[in-house]
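Going by the order they are written in, the chains are A, B, C, D and E; count residues from 1 in each one.
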Amino acid sequence: MIDKVFYFLSFLAILAGLMVVFTKNPVHSVLYLILAFFAIAGHYILLNAQFLAVVHIIVYAGAIMVLFLFVIMFLNLNAETEPQKPIFYKFIGVILSGVLLTLFVGAFRKLDPIYSDLPQTDIGLIKNLGIVLFNEFTLPFEIISILLLAAMVGSILIAKKDKAVVE
Amino acid sequence: MDIYFILGKLILIVIIFAISLLTAMYSTYGERKIAGFFQDRLGPDRAGPWGILQPLADGGKLFFKEEILPVNANMALFIAGPSLSMLTACMSTAIIPWGTYLDIFGTKFVLQVADVNIGLLYIFGVVSLGVYGVMIGGWASNNKYSLLGAVRAASQNISYELAMGLSVIALIMLNGSLSLAEISRNQGESLFGLSGLNWNIFYQPLGFLIFIVCAFAECNRTPFDLPECETELVGGYHTEYSSMKLGFYLFAEYINMFVSSAFMAVLYFGGYNYPGINFVEANLGHNAAVIIGLAALFAKILFFIFFFMWVRWTVPRFRYDQLMKLGWQILIPLAIFNILLTGVGIMLFDN
Amino acid sequence: MSSHLPLVNHVEKETTTLNLGPTHPATHGIFQNILEIDGERIVSAEQTVGYIHRAFEKLAERRPFYQITPLTDRMNYCSSPINNMGWHMTVEKLLGITIPKRAQYMRVIIMELARISDHLILNSILAVDTGAMTGFLYVMQEREKIYDIYEEICGARLTTNIGRIGGMERDFNDNAIKKIRQFLKEFPKVWAEFEKLVSRNRIFMDRTVGVGGISAERALSYGFTGVNLRAAGVDYDVRVMEPYSSYEDFQFDIPVGQHGDVYDRYCVAGQEVWESLKIITQAMDNLPNDSFHADTPEYYLPPKIEVYKNMEALIYHFKIVMGEIEMPVGEVYHKVEGGNGELGFYLVSDGGRTPYRLHFRRPCFIYYQAFPEIIYGATLSDAIVTMSSMNVIAGELDA
Amino acid sequence: MQSLSNRSKQVSQKEMTFMESIYLPAIIGGLMITIRHFFAKKITIRYPEIKKLFSKNWRGVHVLKKDEQGRERCTACGLCALSCPAEAITMEAAERKKGEENLYREEKYAARYEINMLRCIFCGLCEEACPKEAIFLTNEELAPSRMDRGELIFGKDKLVEKQHDPDNKKRGGGPLEERLFHSKENSSYKSTFEGISNS
Amino acid sequence: MGKIDNSTLAGKLEGKFPLTVLRTDELSDMLNVYSDRRSNVEIVKYLWDEPSFQFQFLTDICGVHYPDRKGEELEVVYHLHSFVNNHRIRLKFALPIEDPTIKSLTELYAGANWMERETFDFYGIIFEGHPNLKRILNVDEMEAFPMRKEHPLEDPNRIDKQDKFFGR
């Protein structure tokens, strides 16, 4: 049962990933990317990492991709004016992605498939996550939270300052 | 997993689905009737006694109306938009605890579809997806008003999700759990000598205020109905929609309203708890207490739906930049302040 | 307005053209604004008007004088009695008729009622355009009561065709007087409630304060009159500057604003309703007891009973109805304080049965051209609010 | 700019107090106002069952009146058509023949009398113009609507009243003096015209 | 609040512009000043600037067509208003129909823009220096200038137009 779900999700993720690249319409690309994120979130759930799955959806699908879509919607007001890329860029793109593919294939050949029969653990549950975060990784966690808070306060300040300049 | 468990859950899902659809349906009627009453009018009163068949008539009308598909619209996405809206709106009912459990012939029948331990995060996940329906539909219509509506909806939802999340964090700190069942159970304790009155609203009034404002914004209700404000954007993201696709959008809005009312009731107003729940349980039995609790929860939900409408028919709406300013410059700092306050409170009183 | 300028000028972005109108929920009537927007900021606007141009000035060149009254109904249809009265007074000025005090007071009462109905629509529609629907319906009930009063006086509600050249067509009957008294008693409560609901609400104030402002100099240069000019701080009111129809008898203030923005316009219009109520109260209390029409049988239709019995009356009746009365040669310009400004009638008569030339100075047409300048750099929402607060009425815009 | 009239009064107060600037008091005040209306008496008139009373001066759809003996009053003088600013009235006159005295009051009558309701603006000028008190805008039908535009040209079949009703208190009904009083509720005319006819 | 009376106003104007102000009269309600069309901006500017007048408000612009007056068939009528003195004046400029041009007042009064466009639309009077002189109320494709007297309204008594939809 779990196997079948795994294969389905993997197939979905790969298909969606390919469609991201191959669709002409950037809005469709973004939507396929969201689908890919969902498939990956499904994988997390299979690993019993519910927290990670939900955060993945909230952050990636719910916020970042919305912003992507937001921007693309404005750019794509008329699709006909999309400029044709020169052949040179396409050539470089093919070479670079070929190199990346070789790298991945090489890396995965060395990899032992030890995760395929991962036992059901509760490590991904929020309680355990919290315990780990606040015991083993207290310092990094606090530093990151301060960083985030600083970023948030900074952004609010910037927004306020902008207003003051306009006035 | 035994068969009864699955069967019970299935029944529950069907019932909850039916109830949320029915509530949404009658919310449309309620909206019109309540709007009428607020405005010294009677509202719909022709279809059936007091017009109670009006939602059926509306639904019938929406189903049989001519379907207009704009020529230059992106067909697949044009259809996907309302469907997504409807889907995400219905998904979040899954984790609402409608009661503890019913004891039917010795079998425990839990009145919650899924008690996931990330309950609150699940809500945010689903809610953050809700904007896609609006965005996709607005973009696919190939209409500038729709696009403006979609863009407004997107930025509004993202902005207010943040403040909403921050306001709920204080609640999580207080309860020590993300599970809605757990939060509801915590609120069943006694306060002022009354059992079932340990509601979070008494500890988190500021958090509730932020939450309800954000809930208004997430549901695109006045004063935050900029994505669909008629006087500016004609119909906003659903300008080009007609027949049942339009119906889906409107319906999704009412389901969202139902769901967010339910969450407000569960998170802040004790959920299925009501004053004197222990007394009832001791005297009338467990099942009676649970059913009264269910009724109490529904009363709270209906009150919040009424409150949504009440506010809608009273206040003007914000302007886009003022909305952003309120969200980013007022509500988020306020929510952070609320977290600090809660932290200090927990430190002082819990020890 | 100038505060927005740097934002718009310095950033070069692709703009979008947005057609606001001809049929848009916020264009109350039919006219078009072609907006260039950058995001939500407006970088330029161009108006197209004339969608309901009905060639009233041309039509008026064939109609006898008394048949032009129904045409004026359809200009500012929110306050058509003012237009009617303005037209009657123009013709009376040409003919040199002075009408009795009672008729003048009756006209004042009707005109002020019309002003109330105009301003309450103006303000409540502004509230609707900011999103608050309910207050609109509260005051709309009162507008219906004003229409009931019109109905008692003349028989119609919206396009009134009220009054006659030389006076009113009939005296106020008991019902009308009762209804006016009742209105004077009940309306202040409703209006106070509406203002309480809207005026000091911060959401509404944020939407309107500082939005769509215009300086007094620009307003004068654009030929603003009425509420829009007074909101900019110029206390110009035809009723006070050049009193007509016994306006000099009444005590009232001219409300003025400071910056000519939407909130100023809202406050001025709101206060004018109170002033109008004052005027109506004074007029009702001091209503003289003489005739309701001038004693000019050659211009004023005789009563029916005389028409059946009296040869002269029958002759006059036929002459007036056929438009064969002697009109003096000459030209007059008469102006009244209409719902949204100085409503002028420039009438050239060559002595024929119809006007040789009739030009309507429609305040709305003149001040609406300032719209692109006012909304430059504002957001789309501001443009909507500004448009509705300027009280642009398509019927008057296009004549 | 200097004051032009010395009667100006500054009205708009734009500074918000603290209570106003925190949104909630005004919103709560507004909520209180609306909730009061929620329980107030409703003003809706449930139209087809309950109808609003029209005023005595109501200008509705036209009626071609008959006199006390059931004869049509109209004499086809054409004043109404002339006075109509919308040019909605068309009529054709005909001579009354022998034996028709019980149908038409005057020697001439309107053989065809049509009002195009699509053009009519209900201004009431025809009623004022009529020297024979034949046409009155007293039919209390609201906004005649038909599926076919042709049906909206009202001929004599629709306009002429079925039967004279002496008890009718509307304009144009009842005995002569009362009718006239209704149409012009004033007696100050008399002196005017007496003066003229004497001079 | 100084008052001006019409005779001093007329005298001053005639003294200031002896060649261009043709005549003045006081028909009905206000002072009419008939002047040469080439001087309209100067006169209006003088009336604006002169401290005792200050006609700084343009009430109205309209055209009139007199087909019988040879050489000056069209007439542009300005109504100016001095708020400070609460006084009005009417300026008239006659134009020949072959060359209906007059200078635009848009430099002085922003509000003259649409009024001049309307006058152009109805009478074909060309305002030189107007930033955007095109039709405003009528459709752009229209060729005639409809308010001129050579375009009469149709005869009200014609009977050949029996139309079920639009009446006679």
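Keep in mind that, in the parts below, a contact is a pair of C-beta atoms (placed from the backbone, for glycine too) under 8 Å apart; a residue touches a chain by one contact, two chains touch by 3 or more.
Just so it is clear, the model here is predicted, and its values are computed rather than measured.
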Count of contact steps on the shortest path from chain C to chain D: 1
Among all chain pairs, the one with the most C-beta contacts: C-D
Longest centre-to-centre distance from chain E, chain (CA-based): A
Intercentroid distance (Cα basis), chain D paired with chain A, Å: 72
Centroid distance [mean C-alpha coordinates] between chain E and chain D, Å: 39
CA centroid of chain A to CA centroid of chain E, Å: 70
Distance between chain centroids, defined by C-alpha means - chain A, chain B (Å): 28
Residue numbers of chain C (touch at least two other chains): 16, 134, 138, 141, 197, 201, 203, 234, 236, 241
Of all residues in chain B, the ones touching two or more other chains: 38-41, 313-315
Sequence positions of chain E contacting 2 or more other chains: 83, 86, 156
Parts of chain B lying in touch with chain A, wherever the complex brings them together: 74, 77, 116-118, 121-122, 124-125, 127-129, 131-132, 135-136, 139, 147, 150-151, 154-155, 157-158, 161, 178, 325, 328-329, 332-333, 336
List of chain B residues in touch with chain C within their complex: 35, 38-41, 144-145, 148, 222-223, 225-226, 229-234, 313-322
Chain A - residues contacting chain B, complex: 25, 27-28, 31, 34, 50-51, 54-55, 57-58, 61-63, 66-67, 69-70, 73-74, 125-127, 149, 152, 155-156, 159-160, 163
Chain B-facing residues of chain C, complex: 16, 18, 24-26, 40, 127-134, 137-138, 141, 197-198, 201, 203-204, 206-207, 379-382, 384, 388
Of all residues in chain D, those that touch chain C in their complex: 1, 3-5, 7-14, 16, 20-23, 26-27, 29-30, 33-34, 37, 43, 54-59, 79, 82-83, 85-86, 121-125, 128-129, 131, 133, 137, 177, 180, 183-186, 188-190, 192-193, 196-197
